[in-house]
């Protein structure tokens, strides 16, 4: 077990309003992220108040994007997010993860 | 890139039965957490058996709460959770994250 | 606060196609994991292209499995996943977490 | 009369509704992947409650009698007191813990809307009518049982909800849960608009009722059987309770219904209400207020045992007795 | 005539549809857990749009007149220009920021399909007919207002969408959003198949219309009231705007509708379109294109204030005036 | 006769159902945000299967002939053997890998319920009837093809499911998948309750059928077109396969149906069943059992090419030939 090789990557998670989801995914792609996972219906509360997707236009609903990627890519995304997501309901954070197939991410 | 300032925070995640979701969110607020994200329909299995929200009253369903906050707040919540959530289906854990906008959390 | 005991565990997260969800959960159980949480409807993009569950058979949909467990169990699962999940759309990664009730996991 | 009961029961077992219920149960039994999306099940429930409420209101439109008001008050008291009977029976005849007995009792004091609706169609198919205010009686029986369940638990030393949010949540549940709003609201709307207003919505709320009930019972069959399968093995004593308690409730309903001077159909329906157990509103309330009670117990008894018993056997039985009691 | 208005308003307030809306609002007000699954609400909306579209197409089947084409073009222009009126009014009479005024304006230039549908049933219940192409007028009014809203915002110094994906998304929303596809598509299908083809689907798309509208309005009541409760306190000036702007829009619609030679029912419906504000398509577009505008403002005004105002008071009022204007 | 086919095809293309399908496809083509919630689509599918099953059972109520049993057995064999034809064709005429050919073959041996239902309405609109047991034939054709697909794959060296859970899951899918339960269950219920029982649910399960089918086909249009768009470019040979294989299947169905002595409507429907390809049950099974087969291929061929082909052209074509074959 101890001999299993450990490969470190970063996980970036973005909670954002659904309206800009396509935009965020395009941004990730351009930055060189090769895959992502989306939890499409997520509620929340933050500076912009309650957002629980309870109304007809559904603009008050969030999505949660998860992407595993290389450290440099993740850091760049984190830094750029400040400017990029300024006007929208959104948060971004990074976290260390270990993966088994380094070629995958 | 290397010059991007890194701000450390804690992420607290709580999986709990939906019945006590409002209660848990109130508890977070009182503890000084300024925002949260909720994944509203989550299935699971633990000491209390299968919980997959398959029945009409939906009491056998979980929610997943994510909150980014300061380390001291997160540790206090983790400690208090033992007593607070004793009777319910629930788990709590912390994880290190990095954020770009420290004022946000 | 500083006297709160900290117990380290690993969180393993698996994003996989829903078709093999039961199979994955059986595998976790066999490996000695005592609980899990499932986010049942998750979209994504990876080597196998877009998977957003938009079609009638719903085979193009993912689930996200979260399990907190001991480090050795998690490492073994990570190692075995390479072989076990080869043919399917799936990713696996580990992350450090702290819990309050060590007997729980 | 026994011949009567048998023929009623036979006709009931072979109606499209009961057969749909059986089909759903069978599907879940063989672990078919047949699955109703939760949204569809909720949508159907909203439809059934609004439709039955409005039908009741239209039937009463124009006048409201003191008869109706008396019957509604009596129904509320019955819901409040039936949990005591169930609690005593459970503690005497089974090994249920006090907190479980209190929680289960609350379920049997309250009612199952689908059981009521199935019974009302059973009567309609036999040309029997009933008083419009039966719907209001059902609405009023939804939640007093919750309060009595909590009192019983407190007496046994179990505190109710601990946080302010949980208490508020609980009271909202008791007073304004969705079923009550739809039943009472639909009733009032029907009462206000009367037959002419109802004509506009009848193709939807009236003509489709049976068909949508079929669909709903199909889903209930799946849900009830899944609950039974997932549950821990129940002791024979507990299963016995879930079969005897409805009979006790029905007896109370038959007696009081006759005393109130209800029609034969009305007596049968009131008996059905007393015999039925909640599986939506009360579990949600108990989970909040009595977390130490075991949900697998109360869900399985009400949904897995009593509900199918009433749908298949109870309804024709209570109807036959109500008919026999006719003065 | 005032007596007329009052009796129309009274009849409207006591229809099952309006009462269902009130019931939903009440449920949300007491914080009942009554909740329509989102899927059901969307399914109902799809039904209503397809059904109203097809009805309109069948009514016009066979022929399309220059009258129709002229009316449709006029409707598009009205939608394009009404935001300017709303913008001016907001800037003059309230303290709304320029970007908020532009976004709110776009909502009032566009239309609310449910308001239209409610009005069409109100007319039908009174035996009044209207031109089939009113549906096409509604479809064409859905989105020109979005473009004008963006122009107003740009004039005030706010850029539109920044990324290519957002721009594409916005244009798809303007040209092909789901409502437009269903209304125009349903209209064309009705136009092609005519009465004989429509007969096949009438039991569903025609006979059930009122009943399903009840259900939809029940949900709208919940949604509108929740929006009102969750919103920050609105200034009296803003609430005033949300009551006056529909009257201005209605006046425009009454005038132009008469000038176009529409029937009484047609004039009333066109006035209703001009008076109503979007709460689905436009918010979605504004959120993307003008993120600095405050969504709580535009949603609360259109959904929480103007929508109930039109359903309860506006529709009978505009109808009474259209009747009085009859040459 | 060619004139016949053309006029049938024309009438079919201009029915509300086909037009709704086209509208959905168009909406997806222009990337409209028109979207059916998944729960609504599933709810509609449950309705269609229960309704068509029950209709079939009622038609057969009272008696079951040896004719029916023979036809049902033959249908099962056809489903089992058609994948061999498809496999051979794919391997000979396209560059599909063996495992893909086996998986695609399984799809074409099985059936598409919506295609069947659309065909049955096509016949009804022309006053043509068919044997009630056609529904049972459809149910029996759902899954034998899966078994043959796995045998073909094993012959080519691909193992089936590897874990015990996957094998159990697969067998449940083959024997008790939701469609089979609803079709067979509905059939049996209809057979038991007969015309008098059916009368109670006919306003819902009968009268609304066409209208709800419209809604379902609208969604299918969206889904089929999205599948086409998302798919990798298909080789012309593969597209050709998806157009030729239905014709081969239809020929088999026309021949065997005539030999079995089915009515003209029955022959046309059986041909449609043989021509149609599964896009719900079989993909789910193949994904588990043959993960190395490419889902984009089998989904696109069955849902994106063959399904629209059958709906628009196949059904009137097979009907015209069945009519011409009448002795």
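Labels A, B, C, D, E and F are assigned to the chains in the order they are written; within every chain, residues are numbered from 1.
To be clear about the criterion, a residue touches a chain if its C-beta (ideal position, glycine included) is under 8 Å from a C-beta of that chain, and two chains touch if they have at least 3 such contacts.
Please read these numbers as outputs of a predicted model, since none were measured by experiment.
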item	value
Set of chains adjacent to chain C and to chain E	A, F
Comparison of B-D and D-E by number of C-beta pairs in contact, larger one	D-E
From chain E, the most remote chain by mean C-alpha position	C
Identity of the chain that, by mean CA position, is farthest from chain D	A
Interchain centroid distance [CA atoms averaged], chain B/chain C, Å	18
Geometric centre distance via CA averages, chain F-chain B, whole Å	46
Centre distance in Å when chain C and chain F are each reduced to the mean of their C-alpha atoms	36
Per-residue overlap in chain A, given as positions that touch at least 2 other chains	39, 95-96
Where chain F touches two or more other chains, by residue	37-40, 43, 203, 208
Pairs of chains in contact (touch as defined earlier), listed by label	A-B, A-C, A-E, B-C, B-D, C-F, D-E, D-F, E-F
Residues of chain B that touch chain C when the two form their complex	15, 39, 41-47, 52, 62, 64, 72, 75-76, 78-79, 81-82, 91-96
Parts of chain D lying in touch with chain E, wherever the complex brings them together	37-40, 42-43, 46-47, 50, 54, 172-173, 175-178, 180-182, 185-186, 188-189, 192-193, 197-198, 200-205, 208
Touch list for chain D against partner chain F, complex	14-16, 19-20, 23, 26-27, 30-40, 43, 125, 203, 207-208, 210-212, 214-215, 218
Residue ranges of chain D touching chain B (in the complex, touch as defined)	38, 41, 163-166, 169, 220, 223, 226-227, 230, 279-281, 283-284, 287-288, 291-292, 295-296, 299, 303
Contact set on chain A toward chain C in their complex	1, 4, 9, 11, 25, 34-40, 66, 68, 95-101, 104-105
